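Please find the structures below.
You will see two complexes here that share chain A, one where it goes with chain B and one where it goes with chain C.
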Partner chain A sequence: MKISNKFLFAVFLTGFSIYLVFALNPEGASRILLNLLTFAGIYGLSAIGLNVHFGWTGLLNFGHASFMGVGAYVTLLLMPHAAGREGEITSTGLPFIVALIIGILSAALFGLLLGLPAIRLRGDYLAIVTIAAAEIFRLLVRDLESITGGVYGIINYTENLQKYRPNFINNFSESLEFSPSQAWVCLVAWVSILFTVLFLKRLNNSPWGRALRAVREDEDAVRAMGKNAVWLKLQSFMLGAGIAGLSGVLLAFNYGSLETTVFVPLLTFYVWAIMILGGVGTITGPIFGSIIFWVIISETDRLAFILFENANGQQLAGVRFLLVGLLIMALMIFRPSGLLGKKEELLLDVK
Partner chain B sequence: MSNSLIEVNNLKKTFGGLTAVDVKQLGFNKGELTSIIGPNGAGKTTFFDLISGFQNPDGGDIHLKNKDISNFQPYKIARMGMVRTFQLTKVFDRMTVLENLLFSGSEISNDSLFKSVIKSKSQKKYEENLKDKANNIMEDLNILHMADSYARELSGGQKKLLELARSIINEPEILLLDEPLAGVNPKLAEDILSLIKKLSNEGITILMVEHNIEAVMKISERIVVLAEGSLIADGNPNEIRTDRNVIEAYLGKDND
Partner chain C sequence: MLDQLGNGLLLGIIISVASVALSLLYGVTRIVNFAHGEIIALGAIMTLFFSSPVDYRVLFLDKYSPLGYNFALSCILAVIVCGLFGALLEVCLFRPLRKGNVGNIAVLVVTIGLSIFIRHLYLLFATGKVQDFPLELQRRQTYLFFDMTPRNLNVLIAGIVVMLIFGFLLTYTRLGKAMRAVRDSEELSSVSGINSDNIILITWISSSMLAGLAGIFQAIINDVRWNMGFLILLLIFAGTVLGGIGTSFGAMVGGFLIGILVQVSVGLPFMEGHTEAKNAVALAIMILILLFRPQGIFGQKERIS
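So, the complex of A and B:
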């Protein structure tokens, strides 16, 4: 396989940003790195799913957070957990892997349900419907307190995954002063990315992948060629939603407690930024994009401290938004194809 | 029931107060090369949209091979063997020319997600055959050297060729060509015309909307003239040339 310059540049940039973490943090760099790599893995996975929607099929999905949310809530609620104001304990439940599979399938099903009415819409109309649906989902989950724990959230579920933690993680974490449970979530996230990427690589140049790209290019022509464009779009929606569902579950395990505020539209925008940074339409692009993005996010604190004396949380968040906004603007102007995208296949001009 | 391959009765389509199409009865026979002409706004493209399922009629019915297809989805009609092209060429811009053809030639069952994950030997074989077929067509149409270019890099005329190539890869019974010569240079127009003639000789039923009257007169076996949505003349090129209604539609009414 020929390694392109773009790929080398992406690797270099990723390596450089990891180096930055060490350079900027004389103390506890490895712990910070683990934290951001865990987030990078989870968000990267989500961005890979979004790329199936947008990069491959041209679906302008702005409700990605809800797919992550459905995956997370269904999976957690099926396992032993505690939820709500009183922290009501449910001690019985399915084993992790079974609950996870049901969670992923539910996310895909949610994709299908959302898709059925919405998918006949094109371009920005679909974006409006998906962002609205995602907010409806979040508000429903917030108000269905008896089931989802509402604003009090869900706790006491991490053991479902942590009990499978292999011993080598403990030893390894001890020597590096990691949190072993986060190291385990991190490992699971990156293994999930590996399998998802292999799976999508298989599909990318297949007749199915080709059909999705044709839908992206011109739906009418697809129909004129005797193909059912709506069904192809629904399949794409389900696959991408399923991947997002998996990443949502991992996100919940990384946080240790789950609240509805996790799934605000900002989450979707972060995932979009990662996908654009990595390269729309690419498979591995979001991985690099995600690491670089999270280095920027996590090192914002340093920048905020330079800008303000004794920066408080609100100022930190402000600087963070500012940086993400600037990042997206700079990308659109200087490198709209992202790190790995092809210029000839520039996919951002939505019809 | 009639012997026509395509048959429309009392077909009607209106947009607000405007009647775009209002055709009492019109049939097209197997193997015929028919051109549909008429002044701008005569309803030619709407007529195509109706019979290919891209718009639903407000009244009347459309039969294809004696089956009522009035409210069928476009892809179902295409699968029955009637394939259309578009007035504004619709190629898959950011896919290569070869991919354009492979997608169009591939059967639905070959496109399935399941098969694409399994990647069986039979699918591989199918794809190889498809590639050969695509290569042959590209060679015939003189676009083989562009096989790996993105479709967006083609010239307007080449895009028309690609769209035609895409429509014939599945060996349709009926081709609906919406202005196949629009915006094409004269040399390429010759090529496209002779290709259409060749396809017709191979037995494909062809309906063509075209503004290039000279070309229409040259290759059509039958010409149907629409004006303001209605059928005003129907006959062979010689009959149409001298038809009073047609002359009036194009040039305006005589005042005496």
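So, the complex of A and C:
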């Protein structure tokens, strides 16, 4: 396989940003790095799923947070957990791996349910419908307190994953002074990315993958070849939603408690920024995009702390979003293909 | 259920004015503007900045004082600032994008980035606190069969008058005709001697001024928040879509319908104890409209699938 200059540049930039973390944080760099690599892994996985929607098939999905949310809520609620105002304990439940599979399938099913009616809409209308559907999902989850814990959220579920933590993680974490539970989530996230990427690489070269990209380029031509374009789009919607569901579960395990505020539209826009940065239509792009993105985010937080001494916590947290907005705008105007994408593979006009 | 009608009308006037603005912009430029909510918030925040008492050190990281102007003057100034801001966006951002033949979807993503950026600028410089205009409290009174304060009744009447004048201008003046011409075909209208750049600039300015006005209304009826525009943006989309995207009259009626539906749905039997989910009703209606009558109530048929 020939390695392109773009790829080398992406690797270099990623390496440089990780170096920056060490350079800017004389103390506790390894802990900061673990934290941002965990987030990068989880969001990167989600961005890979979004790329199946937008990059491969050209579906303008702005409700990605809801797919992550469905995966997370279904999985957590099927396992032993505590939820709601009183912290009502559910002590029985399915083992982690079974609950996870059901969670991923539910996210894919939600993708199908949303996709069935919405997929016939033109690009910009699909954007509005998906973002509205994601908000409906969030409002309902917040409202159905008896099932989902509402605003009080879900707690005491992390043990379901942590009990499978292998011993070497404990030893390893002790020597590097970071939290073993986060190190385990991080490892699981990156192993998931590895398998997802291998799986998608295979799909991409299959007749199915080629048909999917053909839908993005010219839907009528696909129809003329006797392929069912709508069903192809739906399959793509389900596949991307399933991957998002998996990343939602991992996000929940990284947080340690799940609240509805996690799945606000801003989460979707984070994932969009990562996807555009990495390269729309690529498979590995979001991985690089995600690491660079999270280095920028975590260092911005420190910079904001120094720059705006009068600001309160909410305002400091706002500085990173300021940057996310700017990043999305600048990338879309100056380099819509991101680090690894190809310009000719971008769907930028309404079809 | 009927006791919510007054609230519904008030939410309706906010959405209605903002929907007319959004619909106008979409009609002429085909931009789905996700940053619309931020122009709405700008109207409210600027009014707060102009009108709050001088010793009220809250704005701008607690460093600067508001100006303490007369309230009516502040509103006018704020609307003008919104218009200028719209002009700035068009000249510095969207005109170059249009000249560079950047596609609709790319522009849509740019407006999302813009929206996130501006909104968090407000958070940084206008604080995350919920603030009120410096106006005295008023008691609710009953008019016909709905309750509202006299001030809110004035807002309602003013909003309807503004929209009627606006609709009249769009329908009967040369400017309105030119806008419709640019909407139908930018090239053909240029050939007929219409300066399409100017028309689009005027569209941006008038859309932003209307949005700013909607923000002032929202702040008078409720309060000023840094994210007030984003909170109401999806309802504005719903209003626009319901009335028929690209039609001013439709957006006006659609906005009122959404406002009333959201507030009245609080009184529905199955919504008891679930008032937080009221916005979900409006969004669900929007999705249904898009699926079954995508041109809305008043829109013309157009391929959107």
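Following the convention adopted for this analysis, the second predicted complex is superposed on the first by the 341 of 351 C-alpha atoms of A that agree within 3 Å, B and C clash if a C-alpha of one lies under 4 Å from a C-alpha of the other, contacts with A are read in each partner's own complex, and residues count from 1 in each chain.
Note that in this section a residue touches a chain if its C-beta (ideal position, glycine included) is under 8 Å from a C-beta of that chain, and two chains touch if they have at least 3 such contacts.
All values reported here derive from a predicted model rather than from experimental measurement.
By the document's definition of touching, of the two partners only chain B reaches A:344; chain C does not.
Contacts of A:125 after superposition on the shared chain: chain C is touched, whereas chain B is not. Within the superposed three-chain model, A:303 lies out of touch with both chain B and chain C [touch as defined at top].
By the touch criterion defined above, A:29 lies against neither chain B nor chain C after alignment on the C-alpha atoms of chain A. Shared-chain residue A:197: touches no atom of chain B or chain C. Between chain B and chain C, more residues of chain A are touched by C.
In the superposed pair of complexes, A:229 makes contact with chain B only, with no contact to chain C. With both structures placed on the common chain, the touch criterion links A:213 to chain B but leaves chain C unconnected. In the superposed model, A:221 lies in contact with chain B only, and not with chain C. When the two complexes are superposed on chain A, the residues of chain A that touch both chain B and chain C are 347. Those residues of chain A that touch chain B in the shared complex are 199, 202-203, 206-211, 213-214, 216-218, 220-229, 232, 235, 239, 344-347.
In the complex of the two chains, the chain B residues touching chain A come out as 52, 54, 73-75, 78-79, 83-86, 90-95, 99-100, 102-104, 106, 108, 110-113, 115-117, 119, 123, 127, 150, 152, 166-167, 170. By the touch criterion given at the top, residues 60, 62, 117-118, 120-125, 127-129, 131-133, 135-136, 139-140, 142-143, 266, 269, 272, 276, 308, 310-312, 314-315, 318-319, 321-322, 324-330, 332-333, 336, 347-350 of chain A touch chain C in their complex. For chain C in complex with chain A, the residues that touch the partner chain are 32, 61-63, 97, 102-106, 108-110, 112-121, 123-124, 127-128, 234, 237-238, 241, 274, 276-277, 279-280, 283-284, 286-287, 290-291, 294, 303-305.
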